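Two complexes, one shared chain (subunit A), two partners (subunit B, subunit C).
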Partner chain A sequence: MMNMIIQAVLILIYATFMGFIFMGIERKTMARIQRRIGPPLYQPLLDTLKLLGKRESITHGFIYDFGPIFALGASILALMFLPLTQNFQLFSSSGDLIVVAYLLEVPMLGIMLGAMSSGNPYSGVGVQRGLLTMVAMQLPYGLALIALVEHYGTFSLQEIVKAQQIAGWSILVPALLLAMIVFDIVFQALLGLEPFDITTAPAEISMGPMVEYGGKQAALLFTQHAVQLFAETAFFVILFLGGANNLLELLIKQIAVLFIAIFIASIYPRFTIDQAAKFLWKWPTIMGIIAALLAVL
Partner chain B sequence: MENNEIKYELKEFKLFEPLFKWARKKSLWIVAFCTGCGGIEMPPLATARYDFERFGIMPNPAPRMADLFLITGYVTPKTLKRIIITYEMMQDPKYVLIHGSCPINGGVYWDSYNVVKQLDKYIPVDVAIAGCMPRPESVMEGILTIIRKIEEGTADGWKRYKENYEYYRKNQDELFGEGWREKDAKRWLAWL
Partner chain C sequence: MNEIAIMLLAPIIAGVLAWLLDIKRVREIVGVIGAAVPLIYIVQTYQSVFNGGTINLDVPVGGFTLSFALYNLTWFFAAIAALLGFTMALGMASTSKDGYEWLFALMSMTGVLGVFMAREFVSFFLFWELMTFASFMMVLKYNRSASLKYFILSVIGAYAMLIAIGILYAKTGSFEFSTIQQFMYQDATKTALGVKGAFGKSETILLYLLFLTAFGVKAGAFPLHVWAPDAYSETNQSYTSFFSGVLSKAGVYGFVLLYSMMGIKLFYTLGTFGGHSLFAYTIAWIGALTVVIASFLAVLQEDIRKLFAYSSVGQVGYVLLGIGVGTQLGFEGALFHALSHAIFKGLFWLVVAALILQTGKTEFKDFGGLAKKMPITFAFGLIAVLSLAGIPPLAGFASKWILYEAAISAKMPLVAGAIFLGSGLAFAYVVRFLYAVWFGQMPSDLRNVKEAPLPLLLGMALLGMLNLVFGIAPGLVTKFLNTIFGHEVITGDIYTINTGVGNYNALMVAICLVAGIVIAGVLFLYGAKTRKVEVNDTYQSGNPVTQDFNLSIRVHFYKPLEEALSFWLRISFDKLYTIIAKWVEDFAEVLKNAVYNGNVQSYAWYLGIILLILALWGW
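Take a look at the complex of A and B:
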């Protein structure tokens, strides 16, 4: 029991730190693509520290404070369910794929909860857009996971990793390659990157749900985003890139996944909400259905 | 005076104060509120030529998270109301940088009936850059001055605002009339 707690804390520290570095990589790469020098890699850590060091903190009631904590808790729990290396998984159950897939979406709900209670109209618009994006991405997200589960015949992440260690990465299977493409499109929406950054569109609705957050709550949201980024990239690696034997291998694969997301994000402009919903319900859904059918056959 | 000095450090964070100080000067977020013509100097600063993100400076649309308030150009009573509300929304510690001659002494609008000539009567100012218009280099220099002042601990506009609140409040009320906050701010900030 004691051992488990220590492991959980160590994973959490590692994931938070690496998540911040990932956010730094994101900003640095974007800057390099735009031919700028860009901030140092540890910039998000500094930002979070600065937000923690704010002297005042404004609150709009209990739910407003509870929202970020709820989001952070869900992210941490999702992280604990992931088999970060082949033989290491802190919590496991036979259905942990479903658990992780849904826990990775709960943080958005937490942020929405907090944002709505602030009563700011920008938050309201952001929440509305965020929920609609979530609804739109459920269908392709689910189809990609169905294709995967159908192919491996199990809901256990550990077994999926083991199967991939024996038979090669998922993306070598045609059906799962298609599923990977679908998942990668949804991934963009999960991370809140362009072309699906409609929720926090900084130029239109000034950060959307985040607009009323400042000081310590915003620092919490940043930490949550770091953990979430680590968990989501790890989830992608586990599902499609064959998991990892050690943390270094995991890190390299995660950064590869992150780079794809950043490159897509820096090329495409933002969808409007109706375009996003139409897009997600059209192309990824069609591809997802084909992937699921191929996996069944 | 030494005894009356107001302390704003939170007790529990006193230990980490040097760390926060270091983070504060390296991560200044600008509230994207560009008054007047100086806003046009911001794109060259943010893009490849001068790139202020090197120093961790980032334009941030939400005033609650921002640290640095750039006032870039002339201030009319109408914008001043918004400036004061935005300034009060920002969380301590916060810094103000005024940009161009207009907020300092009116600039080319020195005899205009509808321009606020001297901004630091209404909100405290940390650094002022003179010029019409100041080039991006001088804005960069101003931002570096702010960073230096944060390091030395002399960027204390937010403290002065709290200490001399009556003075600033009196000037604001003289210009807008008593009770303008309740009347106007309610109209823009419907959720209050």
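Take a look at the complex of A and C:
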């Protein structure tokens, strides 16, 4: 048990650090695509440390503070249930695919709670957009996961990774390749990247739910984003890219996933919310249904 | 005296007493005691029922014997009814206006307990009607048109059930569930062997459709759900916690009965579709459609009661879906969800009752910023929100998790997709409730709002605690449900539930969540001091706004979704039924003008014509 806890703490520190680096990679790559130089990779980490060091931060009440704390706590929780590598299975035997899929959405509730408790109208609009994006992406997201479970006949992430190590990556199966494409489209929304960065939309509603946060609450939200980014890319790798034997392999695959997301994000402009809903309920849903039915047959 | 007799009589006697006395405080005390009695007996009988015991009651009335039984399946439903009945009584102690409400609220409690414990169709039907009548009277007092809509659909359901019971009695000669079950079993064996049974194909299908209508109305299944949003919202909200939490479960229990009596017969008669038993698959799809449609409508509501009414309809859809999956796992998920729906939705309605009692308002546009004024109610509301949205580790997640596993492992991917969509929508509408009611700017007329009264808070506390207990220890429920099936459908200890294909350790999730929050909290405390500012003191892109300008979005919160769905929203079953009702009315009008015109001479003519016809016929 003690061993598990030490492992968990080490992974948490590693994941937070790598998450910040991922955020750096995101900014740097975007910048290079736009022919700028961009900030150094460790810039997000410096930003967060600076925010933590602020002398005073404002609050709108208990829920306003509790929101980011809950979000970060929930992100850590989600991370703990992923079987990252062979040596770092963490607590993944205590929860399966459905549990993890839900846990990855819980942090959003925390952010929403905090955002709502400030009277800022931009936060309100951000909350509305965030939830509608979630509603829109839920169906294709669910179908992609269902296709996966129907194919492997188990909900356990460990078993899914094992099956992939024997029979090859998920994406080699036609039905699951389709599911992967669907999942990848939805993944943009999960990460809050274009064309689905409707929730934050910096140019329209000044970061939406996050607008009111500064100081240490913002630092918590940055940290949460880092952990979440690490967990979500790892989730992708576990589901479709055969998992990983060690942290290095995991890292390479995660960065590959991240690059795809960044490339898509830097090409496409933002959808409006009803466009996003109509789009997600059309092609990705149809592909998801086909994938799920193929997986059952 | 027999336990069942006391459980059935205590609420209604208390109700009559409360109505007769009708003295403030006295009627409340009588009512709460009357509602507490069944709960006490439920707790007392737990051990013996868990060990497989049965309590029977037979009452000879006229030529019939009304017989009741309390065993694990009926105990489970009766426990839901007794629990919610008690919390309803606590809520009503704060919100009831007169003895009338106590009478009919407690009468419907007796009715629903009778339905759950009945062992044959006579008492089942009698108590079913008692329950419908009492709940109808509760709605009638608040809104006539809502109550009539409820009444008409209930009558349709009741007739359907009566015809079905008649057919069953004619063929089997018995009202007893167990006799009918055996008869059906033998009949199914005959069908399977290719011998002609007592029930032909068309008769079996007719019975199936009749029961589907009868129970579908009560459960609020699509497309028979139209009464529910109106009836749920137009009554005392404390009573609604019982109405939507338990009375809809009578429909669910009906579906369970349908399975246990006719399941095998239906399976052999209707065959399979894509590898699923056709009759069950139909129920699964009815459930899935109910989930999706009701949840979409819930998202778009502007009235707090309507939102939760639609949400109740949607959540019962999950239960039907689980029953329709047809595996033992699906059943267990459905029954668990019936319990968790009762406890979180009961909690929600009590919160709504408190809000309406303290503010007198029902629409989202009039609320705002109440978290400061009613912090305890807010905390319970938050628990209900987390449970309904299916956030681990709360009861709502555990039951929904089983439903996911059941639907996916029964190879019903599209039905499972409906659960995903429904959950996303549920998340959206509960957050909307949080935002509009508890947060943001407070309208000036809510400045003097006070915390909810104590009895109401006690009711909330009981339900809120159960949401946590059954969430962290889902094994408590699954272990009991396993006894219904006689073997371990879901394994694991009390904190872990294991379906064989998946595993969920609720305690571990809870511990990790707390650990995560502690880590984040330490990070937060390490940071600088905070300074409290007004809710409206915000960043506005350089446009300072004064206090009297409302900046919270309360009306049409999900406008973009409404726009995206505009095509589908034009289709409405409610409107279709209204059109049919109009036709019937017009037809009656024509009859009235042309035939029943009040002219004695024409009546004499009718009589003459009929006599002539009879004479020609040779009478």
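In the analysis below, the second predicted complex is superposed on the first by the 292 of 297 C-alpha atoms of A that agree within 3 Å, B and C clash if a C-alpha of one lies under 4 Å from a C-alpha of the other, contacts with A are read in each partner's own complex, and residues count from 1 in each chain.
Definition applied: a residue touches a chain if its C-beta (ideal position, glycine included) is under 8 Å from a C-beta of that chain, and two chains touch if they have at least 3 such contacts.
Predicted model only: the values in this text are computed from it and were never measured.
K.L.:
Between subunit B and subunit C, whom does A:218 touch in the aligned arrangement: first, second, both, or neither?
P.N.:
first
K.L.:
With both complexes superposed on chain A, which partner does A:54 reach: first (subunit B), second (subunit C), both or neither?
P.N.:
both
K.L.:
Under the stated touch criterion, which partner chain does A:116 make contact with: subunit B (first), subunit C (second), both, or neither?
P.N.:
It touches subunit C, and subunit B stays clear.
K.L.:
One more residue to check, A:128. First (subunit B), second (subunit C), both or neither?
P.N.:
In the superposition, A:128 contacts subunit C only.
K.L.:
Figure out whether A:37 sits in contact with subunit B (first) or subunit C (second), or with both, or with neither.
P.N.:
It touches subunit B, and subunit C stays clear.
K.L.:
Counting only touches as set out at the top, which of subunit B and subunit C does A:202 meet: first, second, both, neither?
P.N.:
Touch status of A:202: first partner only.
K.L.:
Could you let me know whether more residues of subunit A are touched by subunit B or by subunit C?
P.N.:
Ranking subunit B and subunit C by residues of subunit A touched puts C first.
K.L.:
Kindly classify A:293 by the partners it touches after superposition: subunit B alone (first), subunit C alone (second), both, or neither?
P.N.:
second
K.L.:
With both complexes overlaid on chain A, does A:106 touch subunit B (first), subunit C (second), both or neither?
P.N.:
In the superposition, A:106 contacts subunit C only.
K.L.:
Take the contacts of subunit A with subunit B and those with subunit C, and give the residues found in both.
P.N.:
52-58, 118-121, 206, 211-212, 215
K.L.:
Could you pull out which subunit A residues touch subunit B in their complex?
P.N.:
These residues of subunit A touch subunit B: 27, 31, 34-40, 43, 46-47, 49-58, 118-121, 202-203, 206-207, 210-215, 218.
K.L.:
Quick one: in the complex, what on subunit B touches subunit A?
P.N.:
8-10, 13, 16-17, 19-24, 26-27, 29, 32, 47-48, 51, 53-56, 60-62, 64-65, 67, 90-93, 190-191
K.L.:
Could you pull out which subunit A residues touch subunit C in their complex?
P.N.:
Against subunit C, the touching part of subunit A is residues 12, 52-61, 63, 65, 68-77, 80-81, 91, 93-99, 102-103, 105-106, 109, 112-113, 116-122, 124-125, 127-128, 131-132, 134-135, 137-139, 141-143, 145-147, 149-150, 153-156, 206, 211-212, 215-217, 219-220, 223-224, 272-274, 277-278, 288-289, 292-293, 295-296.
K.L.:
Show me the residue ranges of subunit C that touch subunit A in the complex, using the header's touch definition.
P.N.:
299, 371-372, 386, 389-392, 397, 401, 404-405, 408-409, 411, 413-414, 416-417, 419-421, 423-425, 427-428, 431-432, 434-435, 438-441, 496, 499, 501-505, 508-509, 512-521, 523-524, 526-541, 551-553, 557-558, 560-561, 563-564
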